[in-house]
Amino acid sequence: MAGVGPETQMRFSLGCELHYRVRQPTTFLLNVEAQGGAQQQVLAEGFEIAPFVATEPQRAVQTANLYRRFVLAPGDYTIRYDARVALSPQLHDPDSVAEVPISDLPLEVLPYLYASRFCQSDKLARFAWRRFGSLPRGHPRVAGICNWIFDNVDYLAGSSDAVTSAYDTFTLRAGVCRDFAHLGITFCRALGIPARFVSAYGWQLKLQDFHAVFEAYLSGRWYLFDATRLCPIDAIVRIATGRDAADTAFATYYGDIEDAPKLVWIEALDAADANAEWTTAAVSATAC
Amino acid sequence: MAGVGPETQMRFSLGCELHYRVRQPTTFLLNVEAQGGAQQQVLAEGFEIAPFVATEPQRAVQTANLYRRFVLAPGDYTIRYDARVALSPQLHDPDSVAEVPISDLPLEVLPYLYASRFCQSDKLARFAWRRFGSLPRGHPRVAGICNWIFDNVDYLAGSSDAVTSAYDTFTLRAGVCRDFAHLGITFCRALGIPARFVSAYGWQLKLQDFHAVFEAYLSGRWYLFDATRLCPIDAIVRIATGRDAADTAFATYYGDIEDAPKLVWIEALDAADANAEWTTAAVSATAC
Amino acid sequence: MAGVGPETQMRFSLGCELHYRVRQPTTFLLNVEAQGGAQQQVLAEGFEIAPFVATEPQRAVQTANLYRRFVLAPGDYTIRYDARVALSPQLHDPDSVAEVPISDLPLEVLPYLYASRFCQSDKLARFAWRRFGSLPRGHPRVAGICNWIFDNVDYLAGSSDAVTSAYDTFTLRAGVCRDFAHLGITFCRALGIPARFVSAYGWQLKLQDFHAVFEAYLSGRWYLFDATRLCPIDAIVRIATGRDAADTAFATYYGDIEDAPKLVWIEALDAADANAEWTTAAVSATAC
Amino acid sequence: MAGVGPETQMRFSLGCELHYRVRQPTTFLLNVEAQGGAQQQVLAEGFEIAPFVATEPQRAVQTANLYRRFVLAPGDYTIRYDARVALSPQLHDPDSVAEVPISDLPLEVLPYLYASRFCQSDKLARFAWRRFGSLPRGHPRVAGICNWIFDNVDYLAGSSDAVTSAYDTFTLRAGVCRDFAHLGITFCRALGIPARFVSAYGWQLKLQDFHAVFEAYLSGRWYLFDATRLCPIDAIVRIATGRDAADTAFATYYGDIEDAPKLVWIEALDAADANAEWTTAAVSATAC
């Protein structure tokens, strides 16, 4: 792991199936498709609404998030997405991954320093400096933040909901992957480290659901972190990046619907991968 | 006011003076300079830190916000910015300014639909639909939101602080310009109308301070709104746009400082302008 | 309904059944038994823990709430309470029921003027005065508060949880009986009217659950109000009174348990009662 | 300090002066007078409203709090209270002061177990058990709570306001005496230890203001604790006890007033006392 090197590629089959009963014409904004790029190649994919509705994906320039927007008439629908994806994350020596002085940050990274809907870094600054202010700067400091979260917050399904924020999680000391990511982002920003939210398909996640991790901007790249320790950090298939979960909802709708439980799946395509060890390297997995 | 037409140009002299006592080396991120553009021309300007520190402005591509970043060594500093600016906002017939279906919104506008730090549109959706759902869509609906805020929230200096959010203001029913803007943004987003925050020099504002208004995305442009009714909406000199006040702080710092009261000023340069009537037109004042 | 008169007595059969799996010795504080008194007579009752654990009820002097306290060893338990109760509420002409000047309130009533865990009357004062300040004082004003809640908040099962407060409900505009009661209490206190929470068996409540209403102190008595309009207000079998739901939890425990869905029931014992019309009278139903 | 013994008596001169401009008839509820009792004797006192308004103190049975209630007509008023008080707190060996099983608590103590306006013990339970669950039970555990607060929260004038709760303080990690007391109460209740708020005149407090401490119910008595370490805990002259600051406001009013800065003072009457050392004993100072 001297300097930077690509990991052996891993391939996954993944997807999701969503069920909606639409009661009046409803506009949907969907964001469930895997991003494409040099380090995350989409080998094959399918997207289908049944009964049929024509849609096409649109790619946001800054984030590479893929959106589908469509209006559904009243009726029952099944939306299914599946894909095969190959990951080639970059591995780096954690001790060589440094913080970037605020005066050197690219301007487009600045918004990831600011407080956002679920990441009130303005309110948690005093604690963050007391607890993490003296840790070695760079990748080890963010890893230290993740360790603190893992040690002090219980992963507990059902302990939070769609309006739970880092401010709540810090006090309640329980949450799910989304809450762990929000808290990590919040501490980073409070310390002057840009950080952002990543929604994903998380390999080996026991729950039948999407996963969430976070990225910190260090040494001129975005590095992945997962305080839940539930999925190998180099086996994260990225759906969307944003300032927090408010930017990366897998489905937003304006209308009147009822939804049934969704299915989410991801499997390694090569037998060997299924035994892959967790890496201790710093993992960078995106160009933007 | 048939269709679209430029208003007679208005010219202003404006600026601010900030005072800091720095106790240990502190990184500053400053955003007090007027944006430049076709409808807001900066005729002349000066920026100075005393004692002297070299800085230069950097312009964010997406928002046109101007940032200065610098590190101050311990000591006492005065930062002064002044400029002469000419405004040429576009005036439109409010009844011709319509909402844009979510499926037609440019992708880069989507983030202004989502909840943000101070604008919890996810929590205020039920109220927004009950109260504003049946208003005529488009500019009149956003104007209706502003009227409701003006009628139901007291403008009261000192009633809020840097962590007050729209959620609080809705309940407390008191706030300042920043809170009025946050509440307007929140209601718009809840209804599916993209909205964003604008920090500004506000002509005729009685307080010695920066002003804040908001913009809603309608008919393919951003339209200005000010629920406080404190400043003519076509005489707003824009500093920054962002998702809310978290993105547009005039000064962010990482270090240890003490600040003294700041000065903020803006004056109309032509005698005639000082008698300008408030417009009832829809006002659009920026290209991005 | 001239002045004051007892209503015809109504008799009910009611009870509840609770199921717990106890994993380590756990202290329980239970408060599910109907209060006894002149206007709510307990004709017969039974309380049983299976497997058997000896307990006896204790009556709080100030509130007449009945508590059972016991420690359960690890194991599976069913707790069952059932009773027959006769209600004789007092009916009064609403227009004759007046507010009491704060200077004349009994000292023991003062705490019901103050903000409590779920009733942040300090934060909702501005709205309360704006909206209800000019209503006719006394019982009609509190009825006006109930009407406002009914008109502006959606009764929606699952829209709130154990930490939802009046502050949240006011903004979210959705809740269940407990939230409706908290909001009513909050507005009353903000206006200087003492108000308190009542947990109860609510006849004709469609949900299989305990009910919650509130009382306001007027004309020297406590008067019942129910902003949900789900149960006849003169057919409320009182369990506990307190400052809010924090004081009247049906079960509090210190330990490690798992609970299964509970059963709660109440039925009118006389066929005629089942057709009882809702009263428009002011209803007072307790001596303390 | 074997077992229990009265400390040498200490005598204090204390008082406060409040200034109000009343704009319309306003009802006041004042609670600034020192409680009387066996361990806190009021040797002499005076209360005066200028211009003259007749009032008399009323004593709440359960708490011994002294209230004055009166209505002021428009005008400018000065309210002055002064007293001489002798304290005889009981000192106990901390290691002998134990927790009381919930099943043995007097019924009137139960409300001090429940969450209240500023003490959301329901939300901080997980943290409290993780951090304090394994400390030696009894007085040392509550002392451990106070030490944690002192070590982790900054005492910072102006960092909180009248709506700041323990939930906020836990996250913000800054506050004043009232916030320190709220946090201590919250942790105690979360652990099943009844706790309550005490407003007081605090000898040697540097600020010109009222003080706040808290009491925990242990070994059948209420024991004083002060996580701020600003005043000797055996030199606290009690004004009011309540569930939190919502119950013990020194002044509540219903009307329209403006207030000028208040004066608060307390001085030891005997020269020797001014050198009194802080006690390490468990201090109990009230009969109810």
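A, B, C and D label the chains in the order they appear, each numbered from 1.
By definition in this document, a residue touches a chain if its C-beta (ideal position, glycine included) is under 8 Å from a C-beta of that chain, and two chains touch if they have at least 3 such contacts.
If you're wondering where the values come from, they're calculated on a predicted model, not measured in any experiment.
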- prompt: Between chain A and chain C, what is the separation of their C-alpha centroids in Å?
  reply: 44
Message: Taking the mean of the C-alpha atoms as each chain's centre, how many Å separate chain A from chain B?
response: 31
- prompt: Distance from the CA centroid of chain B to that of chain C, rounded to the nearest Å?
  reply: 47
Chain D, residues touching no fewer than two other chains: 123
- prompt: When you draw the chains as points and link the ones that touch, which shape shows up: line, ring, star, complete, or other?
  reply: ring
Message: Can you work out from the touch definition every pair of chains that touches here?
response: A-B, A-D, B-C, C-D
Query: Where on chain D is chain A touching in the complex?
result: 123-124, 126-127, 130, 152, 154, 167, 170-174
Message: So in the complex, the part of chain D that touches chain C is made up of which residues?
response: 27, 29, 58-62, 67, 69-71, 101-103, 107-108, 110-111, 113-117, 119-120, 122-123, 162-163, 192, 242-243, 246-247, 249, 252, 254
